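The next part holds the structures, each set out as structure tokens.
Note that chain A is present in both complexes that follow, paired respectively with chain B and with chain C.
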Partner chain A sequence: MQSQHSNNYEDDQDDYGWPDEEDKEQVSYHHQFDNDEKRQLEKVQKLVELLGCSQDQGIAIMRFFKWNMDKLQNEWFSNERRLGIKMGIEFDNDLSKKFPLTMQSLAHNNQGYCMICYGQFSQKNKQDNMSCGHQFCQEDWRSYLSQKVNEGFQAVQSKCPQHLCNMVVPHSYFVKYLQKEDMKTYMKWFCKAYTDDNKNVRWCPYSGCDYCVEYQDYGESDVSCKCGNSFCFKCGSESHRPCDCKQTETWKNKNSAESENITWIMANTKQCPECRKPIEKNQGCNHMTCKMCSYEFCWLCQGKWSEHGQKTGGYYNCNKYEELKSKGDVKISKDETSRQAAKNELDRYMFYFERFNNHDKAEKHARSLRPVIKAKIQLLHEIKKYPPSELDFLDEAINEVIKCRQVLKYTYVYGYYLKNQKELNLFQFLQEDLEKNCDYLHELIEKPLDPYLDTNIVDRSTFYHFKGQLINYYQVTRKVRLSS
Partner chain B sequence: MQARCLGRLKKEAEDIRNNFDGVLELDIKDESQMCWHVRFRGAEGSVYNGEVFTLQFKFSEDYPIESPEVIFVGIPPEHEHVYSNGYICLSTLYSDWTPALKVSAVTMSILSMLSSAVVKQKPANDAQAVVWMKNKSPKKVNWMFEDDKC
Partner chain C sequence: MVDNGRIMKELKELQEATKNVITTSYQQQSNPITLQSPTQQVQASIVGDNLRHWTGTIFGPKDTCFEGGIFKIDIEIPGEYPFKPPKMRFITKIWHPNISSQTGAICLDILKNEWTPALTIRTALISLQALLCAPEPDDPQDAEVARQYKSDKKLYEYTAKMWTENFAKEQTVDDKVKKLMEMGFPEDICKEALERYDNDENLALNFLLGG
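On to the complex of A and B.
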């Protein structure tokens, strides 16, 4: 049964025949906290050199312009002073006139007292002030900043302890005064300020992932996260190639509007086309084998599976929707025609939705398989002593299946909205190619790996054969997947 | 007990007795000195002319880094930012608190808030709001500040 899948297999394991296309989808990624700080400060450093300002000022300016250098260069130079006051890096001298109270903690008015603890400044109780001149003792600075940090994210925008002063407490003050846990918390807010504001940084949308991705080039909108998932940088949701963000949203809205009809589909479990026993799909690929009668068929079109192989001439039609044609000789009333049209439209939608949903489920199934495969890789290494580098292909294969399923899912959304028949034909051809190969790959990777763990079997050729097949298929799907 | 808090409260009490004589009357309610009552009269020429009000300040050990809890006790003034349970809608007491503020400054800004009122009027949602706020510290209420005065 499996032999038909190995048609492209070549014995030479190192020559897979395809150029490595991986680069095309790799975009820089980095860790949530550690590197953010460095990246952030690197960018600030460039600004510091450009403007000749301090690092503290650089951070405030970058934040104000949400890390957008173009906007900064357009607006900063003509409005330096006004903006400086607004972003709290330059003291607003009008404040002293408007609010005499703000004067009380200035050096010449405070009579040597700290206006927070009312203690006298001394060698032991030293004063410190930002450029506004409002003096407070160092111990109070520490308490003040500690409290701000523990209040939450807004801490990065903390102002001078003097009531009504417009100055924002700079980064270096937090660094100078905070200790241990407080400092950790502050760095969390510091990094968050960067990732939240920066249009080129997005958090990975997959649950349980703590990475964020920084994106440089606006050409391609899909980015890969270090966690192995990819997502659309523009809208922040899962990858939806070949659809654009708008199409994806329209589709999602349609799905929720049609949810009643969808429930109806879901309620209908399928039967084996041969023996009519109800069948439930619990695996990823579409190749079904009825447990009762062993009949092999395609889940989507219910056709014989053997007709789906390339060897039989490539008959594969389960990705193409064909409208039911009404018989020409029957007279149809106007009412009937519009009813028929509505029904056709619903059928068409159902057709696409079912396939979309099918790939979605298969994708989830593949995701759940990932930890299983990781564990098996570990065992193959420990029990059979395969070096890790020789086992990477398993990881690659399951990731490829996930990516293929994701693309396939959205090809049905794309197809649903594609009205040009000529384009549709070409598109369906590509879709079919990917779907077939992905199914083969998915089927291969779903097979239990346990036989390869048997210590009684010394011959490794079956394992290498399996490896060759897998690699061959994921090279094929990757090429098809990236050729769109 | 934080030395900062006690030292400061002691000096603030002196400040009120020395510099606000006849304007603010201070009554320290408990031995630990953490609960103060400050009495003042409605300003001459204002709609509260001559009426006597009492503000209660409760301090935590982290005062003045942390803001005090400030409410009216006794009969509160009828004002659009003062609820009948004595709670006051004034940003300075909550999000805009800074440690350089002090009891006298807070009291004076509340007095000036009252003085600028043209009519005596309760907050629009007074009855409802008082129910919501039940058993909640005013510092834990989600205040919406409508304008600068508020």
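On to the complex of A and C.
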């Protein structure tokens, strides 16, 4: 049932792919439901043909080299035997000299007894052994492997039940002995081992997402997961373009180190510039309307919203931050200068942090809006009979807003670390452009869709007008995002 | 999975081994020159009539701070045995980096993740004995002991010996007399005091000091 559901979901998602954007070779799949084991076994099969080994050995070799074929080809052929012992597919004969106990359960030592249950081998109680030769009765193999599987994902690395024996229990033994429920658990671990070990596979970092992405080139690049989110394949955290991983890491550390101060400085509320009532921002854009006095203002600079029209040189002029000019005319002592510099630096940081945080919050709002929009699409389809293909634009728009917010968020990190003045000007121009478009788009999509649901209104032109507007802005925003 | 057959067999083997020790030491006793304590052996017996609760005994290995000590170990056998390791804990107090000086909890890999069903109670006890020979202060159970072991080995050895002396040895009356005499009391008075307090060393000492 669950698997069915997840597949449907994927099909939906496929329709809204962004093919022109991420055209590199990448595969996103659900690690349990999308035949993960098949992917593994196909790769193993290639190795089996190459080396002429068994499938069990192929799995062990692949795991040892963490599914990296290049490394495998470099190292395996020069050192087959030593590596075979190391990865547990060839018995280490030296053990018998060092630890005589290891030999106890071998056929010529065990006197027909199983060293686990101490029962005698017989027709009923048959023995079985891996290539190391340690014999145990079949019932005990079953109990042993079942125990291991229920202990956790390390089960795939289980060794022969004989103490100190280096042989790894092959895949086929689990398949042979495990029963229904245990087998299910084992396959879960089997798939997990692949995803965990393989450097070309990463889990989607978004909570509640069970997908992973397989990607061949693990440089710094964004991949998009089937859940609709995208993340950086190199560091495995959310997309942070235009910053690189290192900058992002530094920024995050800086935030966590100073965040207590910062959050203390800016609580989540601001006072209305007109009536001084504290206001909490709970929607995505900067256009605030005070509920008490209906005063409209900009959340960031707290200036009048009317001044933010296009006439006055763009909505977001307040975002340009110019460093405070140091007071050169007064003679300031050395202490004073350094204090001033520290203060300027903190101001600068706060400027960028505040805006980073702002977009982060907006991004979260947009994310929470996504399911609402989905439901609305469904309603529009059911009540007003719009074909689904005519409604896709809503979903595309909200996804675009999320992506834009993500990019914008990190443009402030990028800006914070950007020291070159010329580049900074150009960068700020682009940033402003994107911000303007994104905010407008965000505001459009946040407007309630309910009027379009009214069955009494037959005229669809308002809806189509809205749609046209939204699509237009969606496309503009997208263009701006991709160009910057 | 609950398999008493194996436990019964293990117990029988251990008891036979113990019997052998007794006979050998008896033979050895007849020849006083080669008289030796059976240090390499371990023993175990069942507590009450619960087949899954045992008491193990290991003898302090020669040339260590634990030489001459007799250490009792509480052994609980879980239902999943032998697929899960037995739970072991020192009853006798012991000063060792890998054994808690408070609770007797043991830090030993084969009693945790390195356990395999082909091991037995007997092999586990022998491993414990080996642990007494070779402490691993880098993987400690008792941080205080481990710190002492690493910073002041002499003090560690002294403490460990004292603990062995005080907690892990059955003392004969003669030993006790000797101890009291070392404190400066005459032999006959010491003997008398011990006799009076049923060989309780502490009460006898109190009496000597008070009287």
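Operating definition for what follows: the second predicted complex is superposed on the first by the 377 of 484 C-alpha atoms of A that agree within 3 Å, B and C clash if a C-alpha of one lies under 4 Å from a C-alpha of the other, contacts with A are read in each partner's own complex, and residues count from 1 in each chain.
FYI, contacts are C-beta pairs under 8 Å (C-beta built on N, C-alpha and C of every residue); 3 or more make two chains touch, one makes a residue touch a chain.
Fair warning: this is a prediction, and the values are worked out from it, not measured in the lab.
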- Query: After the chain A overlay, clash or fit between chain B and chain C?
  - Reply: clash
- Query: Thinking of the overlay built on chain A, is A:Tyr144 touched by chain B (first), by chain C (second), by both, or by neither?
  - Reply: both
- Applying the touch criterion given at the start, work out whether A:Asn110 contacts chain B, chain C, both or neither, answering first, second, both or neither. neither
- Where does A:Ser96 make contact in the superposed view: on chain B (first), on chain C (second), on both, or on neither? neither
- Query: Does chain B (first) or chain C (second) touch A:Thr411, or do both, or does neither?
  - Reply: neither
- Have a look at where A:Gln162 lands relative to chain B and chain C in the superposition and call it first, second, both or neither. both
- Query: Which residues of chain A are in contact with chain B in one complex and with chain C in the other?
  - Reply: 101, 104-105, 115-119, 134, 136, 140, 143-144, 147, 159, 161-163
- Item | Contact footprint of chain B on chain A as seen in their complex | 101, 104-105, 115-119, 134, 136, 139-140, 143-144, 147, 159-164
- Query: Where on chain C is chain A touching in the complex?
  - Reply: 1, 3, 5-6, 9-10, 80, 82-84, 110, 114, 116-119, 123
- Item | chain A partner contacts - residues on chain B that touch it in the complex | 4, 7-8, 11-12, 62, 64-66, 92, 96, 98-101, 105
- Query: Which of the residues in chain A come into contact with chain C in the complex?
  - Reply: 101, 104-105, 115-119, 134, 136, 140, 143-144, 147, 159, 161-163
